[in-house]
């Protein structure tokens, strides 16, 4: 593992933390959709395993993570302050395919992370895209802040709020289906299982042009433990850390 | 400083071995450590035919421990020879292949096939897996079967033969006697411990098969005792493993008499663990002004 | 919300029990938690005569675990009755006394003596300690002795009788059958795990007796499996223990069928652990909208 | 356990760290020679046990610890910064006896900690005392800084340095034996086993007037685990956490 130093820390809403980390090789090599494995402390073996996190963006020798505090590992990470160091491994996994003439990005909650990186890459490459983001609760709207430097974003919230669409991101997306699904377009999605299943239903038949980034529990993150299995359409299992985390919808069973 | 250790007729350049299932087929580790600097690498448990393994979830973290229910997933002999052997051919360290079968016959056949592969230095028999001909009891739990299994595998191969044992063993004395008689040349101890986890929020077992194998730092003091006891029972060289995470852990096993030590879960925690452990062992010998690791092995009995 | 649980003829106001050897004689815990809010307290293993215990060092920390070689030190029956009973008399919770002896006779005598003490709600037999008449083998390792021990203690007392078991048990089915037949009314599972530690710097065993007992978070997944398996073997109520550190740990044991849970090493980590665990269990029931803890017990099988 | 907040942190030399902690009940009740049990993090169970540390001094609602980084627990503690919180238990144990008309304090290395507290108390009570401190290496001399607000201190170092006595603290003390051992005097000592054994030899026959503060591995720190046993002169064992950590030399076998 490599040592990365925390350069910036930001709390986003109540449940999210953004960490800007300095580690050259990851910052310069990471592609949209790839992830890193992170351990808060070297000499401590509880929690034991590193935790997987997608890369939000890179800049020079720095890369940024955005995570939700959901358990002990993320709790410890949320306590790190600028100047602290942590152990990182990566970049890991297979990212999103970038060979398209236009893209549709659909994110649910923290699923926004890898898609922000993708959107920034598309902007660089002048590939047009539309970005849909959905959150459950008002307070998660804080997440939208990381989308500031990304052109227009359509967002939804399941709680009633002004400015955005009230409902799920799929509900929002459905309304624009025909307008966005034209020509050589790819759809990129990341979010809770329920949302991805709904999307799969909605896009039945189009599985070839849909890429989803998936989460599973991971052991190693680099392909040795076979702990991150998910069922293949064709039978048998994929390993999310090495075959993914990005898959064509046609390859997986959600 | 001499770090090499002798396991019977097999010599390792140093006692640090990567254990089966935690270092893939070697390739995957390359970016993170210099395999050639280690004593040996043990590839993922291999069976005659490809095996899917268990449905997810397959891993769960416990206090300083890891529960796994991988279910021995592997690509099978044919693809291994085709896809992975070439990389292993170019390694300068010892290559152990961990093998298993659903029946005695499968063990024997894969052993015979691998016997033809010059590059492979040793075969490690995983004896902690279910025997389908005996309703899924592990092969160690039935002496008759164990005897046949090891005996027939011994006939099938001239390779250095390692028997890998775990907590399923009920009578260690008797088991070891059989293994010695049937021609095992070394013992790997220990495999993971049968354990259980409940997902309290979902109110269900974490794993489809309910129980899973516990490994990692948590089990070290238990594994160390198993190895210590075993060293007193047999002259077979022992590869001690179970929770080894630091050089101090490794040295504990060597001091009670293990001839080599296995690094497993620590590879998942940090893929360069094995090199850090080897480095730490060297530091220790320097600090203690010991020139031959042989002076450490079995010093505390 | 009903938190009370029934162990046969004995009812606890809630399932949280302090385990023997980790809460002294009660007094010492008073500054840190309200004993009366717990289900029961089990006092330090008591013998007929005072016992010095083992020479230092007596404890050693391992990865998320604790090795102890206290050696059953205790002040003996007489001083217990004189110095500690008065404090226990004034408690409003159940009082269990954990007892042990070097011979069957000592168990029987102390049981008979404690039978006279109204305040004591139950006797817990520590069956994992060495039997001097049998060269130090534990009392569970010899069925004849076990039978006599439990049978004669049963004759000597009308108190609720708990048998405390550990990993030394070789044949659980047979052991449980004997305990049921001889009149044990509940089982405490598990005692600590025999384990080993080497002091690498000093190049010697950490403990004078070499092996010591492993407890704490590290052993939880192993203890949970023991309890799960045992629940399937007997109708005797089981007090599940082994590494319970958080409310989630405790709930895992209840979900697989333990009627009560023991908090041990966690008391050393933080003396108010047991109350935090009880609090967490209440939170869980509220969150899950469950009004009777009975609905949780054995829900995951 | 109680939560204490780090108010001040100071590195003293290469191996020592001083933490000023805010926790009212301990600050107001601690007596010289008493100790506290400390855990760096609540939700993490490796390291598992709290660690015992003597109290260096108290002031208002704050008390101070001074520790040597010797392993994982103290390493984690050394990483805490002002504002962080940790878990503390105490004050624990039996401290030094304060009923004397004069005292001699002898400290080796980190053994200085409880004796500083004692010296400050003596000063308050106008009890005259002489203070001997010894360190092994030059770099440990940084420890003398915590003695600044204590009148005169005689110090020794086993490495050659200017200003102090070159040798062990016992060598230094021996030279002053007759001048200091007059009238109703008590001797208070804390330091490595070797030093305490040497002192015992030197003061054979005077065991009744010597108090030593001892270290053992501890489990609980408050008397339930019986893990902190040390042999009694009279046979059987003391428990350092509850019978000590301060003992009369006449009570113990070193």
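In order of appearance the chains are A, B, C and D, and numbering begins at 1 in each one.
FYI, a contact is a pair of C-beta atoms (placed from the backbone, for glycine too) under 8 Å apart; a residue touches a chain by one contact, two chains touch by 3 or more.
Treat the numbers as computed from the prediction; the structure is a model and nothing was measured.
Path length between chain A and chain D in the chain contact graph, taken as the least number of steps between touching chains: 1. Any chain bridging chain B and chain C, meaning touching each of them, is among A, D; the list is complete. Ranking all chains by how far their C-alpha centres lie from the centre of chain A, first place goes to D. Averaged Cα coordinates give chain A a centre that lies 36 Å from the centre of chain B. Remark: chain A and chain C have CA centroids separated by 47 Å (rounded to whole angstrom). Residue positions of chain C touching 2 or more other chains, listed in rising order: 63-65, 216-217, 245. Across the assembly, chain D contributes 45-47 as residues in contact with two or more other chains. Taken together, the touching pairs cover every possible pairing of the chains.
For chain C in complex with chain B, the touching residues are 62-65, 67, 170, 193-198, 200, 203-205, 210-211, 214, 216-222, 224-225, 228, 243, 245, 248, 251-252, 255-256, 284, 288, 299-300. The touching residues of chain D, when paired with chain B in their complex, are 45-46. Residues 41, 43-47, 72, 75-76, 81 of chain A touch chain D in their complex.
Those residues of chain B that touch chain A in the shared complex are 21-24, 28-29, 31-32, 44, 52-61, 63-66, 68, 70, 73, 216-217, 245, 265, 267-272. Interface residues of chain D, counted against chain C in their complex, comprise 1, 39, 45-50, 87, 89, 216-220, 222-231, 235-237, 242.
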